[in-house]
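Naming follows writing order (A, B and C), and every chain is counted from residue 1.
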Amino acid sequence: MTASGASSLVLEVENLAAARGLRILFEGLNFRLSAGETLELRGHNGSGKSTLLRILAGLTRPHDGKVRYSGAGPDQVQGAEHHFLGHLDAVKPSETAAEQAVFWARYFGRDPALAAEAMKRVGLAGREQVPGRGLSAGQKRRLALVRLLVEPRPVWLLDEPTAALDVEGRALVSQLVAEHKARGGMVVAAIHGDGFEGSRTLDVSALPVGAIA
Amino acid sequence: MAVMSIFANPHRFMAVSKWFAWGFTALGSVVILIGVYLGLFVVPPDAVQGDSARIMFVHVPAMWLCLFAYAFMVGASIVSIVWRHALADVAAKSAAPIGAGVTALGLATGSIWGYPTWGTWWEWGDARLVSVLVLFFIYLGYMAIWQAMETPQKAARAAAILCLAGAVNLPIIHFSVEWFATLHQVQMKASNEFKYPMYVVALGYLALFGGLTLLNMRAEIMNTRAEMLAQRRQVTTG
Amino acid sequence: MNGSVSVFVRELKLAWSGGGGAALPVGFFAAACSITPFAVGNAAENLKIAGPGVMWIALALSSLLPMERLFQADLEDGTLDAYAGSGIGMEGVAFAKTFAHWIATGIPLAIVSPVLWIMLQGPPEASFFVIGASLIGSAAFFFFGSIGAALAAGMRRGGLLIALITLPLYVPTMIFGAAGLYAAAKGEGGSSSLMLTAAAALFGVATSPFVAAMALRTAID
């Protein structure tokens, strides 16, 4: 799997400010991320890590500033250069794990056979027929990772990817991120605990908080 | 983008609006009283409908204002959606209860007028009556969204969407009902020179609407500012 | 098969399996029609007068029932975030989900309608007309309903707000559809009313995904 058109992709954030309700979480954020780089977001709960990821994914509108993805290859569709993994797993209780993996493969227009491979890779082999409600929290997290594997996209935006994962699970995530880096992809991840090798770090809680006048 | 700055620094709006808010309210009230007095005591009874027609001096301007208030909200909602200006959200939210109130007043006075005139308290075949009734429910739904949503920002967005959806819906409803026979064909036959109190009252309503909306907006902004200060106090001490 | 189409297929499966599928709305539809004679009197003439209108109202309310579930679950478990974060337009998602729910629930409602029609003393010859009208009407009710569902998504027990928001949107469909049914009950041609109902439904189908999408983007924000 290659991350098509990724080698020249650049993520630029300019004077970004985020607000939740009336509180300005941070402002004046500037950074530039190139292909092959990872950025870890650190900070206490409520500092704005999730909000920043959601802004980068286009889910939340920034209070101020700009986010720009540039240098994408000609086959890269606007808005389709990233994967967003929120802190919710998007796992349906009534569908089986295999059904959900196949759904995501189909959703991205990929061969459903990739779903089976991905399930093995994330360590859910043997749990294919278990419905979502029968999976543990860690297993649901692993299932959420399947999206990243069935469809190659240059930018991964991950919110607490290792939450609820055991030691093997955390190692799996580190491996996936390392492989993605090697292919020229980029990763922005909010993370607690051990991070990824060779990452830059951004302490979101150290950013200037909006003066509420 | 100065979305928060309205609340962070409402001084300009607050300073300008203070005199207009109270001024319009006072002016409007006085003008309405004058108009009503003219309508009740000065103008002779209508040739066709007699004294019962006098209620039109209250009813007709109320209907004009109910539509105007909604148009105002539609304008504010468009500004809110396109330019995301927080003042537009506040303006629409502030106008809604006044619009709803005047709609209810119009419906009630229309009913009171209808009974002696046409022998019925209500007529479902009348496109205008039904459209206004539906408009009343749209007002209620609009206000309910502001009440029911957790964050005011989301409520503002959702309310603006509803306001515009309602605006599109209203002409359709009007047409739909008209497609079935109407009653309001029995037009008000009253001579023009005695209709002028209506326009006086209408101007009074307009001024009162402006004044009350501004007062509501000021209250809304003060409320929000108080919340922000309380939150800030929490952040620095907590 | 990708994007909205796959969402549609998934939603169809979920709608059929989740919460008994169409059973609840169909049951409600039947129950609401069945208690009419208790309220209106069981004389045939009374039912002929009240029947078509009551059935149409019951159809509208039965279509309102699934609305609370339309976007709520996806919003709560992060699926809507996943869709939005993958770059798909919310319009496609709104249309796919509403269409799927209409097929899963609206069509069963329409199929059951002639039975209830006859029970309410409607002429059996009009049965095909009634099915057609119910198909069109339920489509209108589902798609206009999706606007309310999207606006109230994320609210606990948003059902009441959905009803308040949606009922004004239902009015044209109410008027034209009921007129058509009454014409059919009298044996007169209801086709012009049906045309107008279809126009209202088409308007709903065409515009509601855009309005619902705006509301969904607000809910995610």
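Following the convention adopted for this analysis, a contact is a pair of C-beta atoms (placed from the backbone, for glycine too) under 8 Å apart; a residue touches a chain by one contact, two chains touch by 3 or more.
None of the values given here were measured: they were computed from a predicted structure.
Common neighbours of chain A and chain B, by the contact definition above: C.
The greatest centre-to-centre gap from chain A, using C-alpha centroids, is found for B. Centrality by Cα centroid goes to chain C. Chain centres here are Cα means. That of chain A falls 47 Å from that of chain B.
With centres taken as mean Cα positions, chain C sits 32 Å from chain B. Per-chain CA centroids place chain A at a distance of 37 Å from chain C.
Residue numbers of chain C whose C-beta contacts span two or more other chains: 221.
Contact with two or more other chains is made by residues 153 of chain B.
Counting partner chains per residue, chain A has no residue touching two or more of them.
Within the complex formed with chain B, the chain A residues making contact are 19, 21-24, 63-64, 209-213.
Contacts from chain C toward chain B in the complex involve residues 147, 151-152, 154-155, 158, 161, 164-165, 167-169, 171-172, 175-176, 179, 196, 200, 203, 207, 211, 214-215, 218-219, 221.
Looking at the complex, you find that chain A touches chain C at residues 54, 57-61, 77-80, 82-92, 94-95, 103, 106-109, 147, 157. Every residue of chain B that touches chain A in the complex is listed here, in rising order: 1, 3-5, 7-9, 151-153, 224, 227-229, 231-232, 235. For chain B in complex with chain C, the touching residues are 81, 130, 134, 137-138, 140-141, 144-145, 148-150, 153-154, 157-158, 161-162, 165-166, 168-169, 172-173, 175-177, 179-180.
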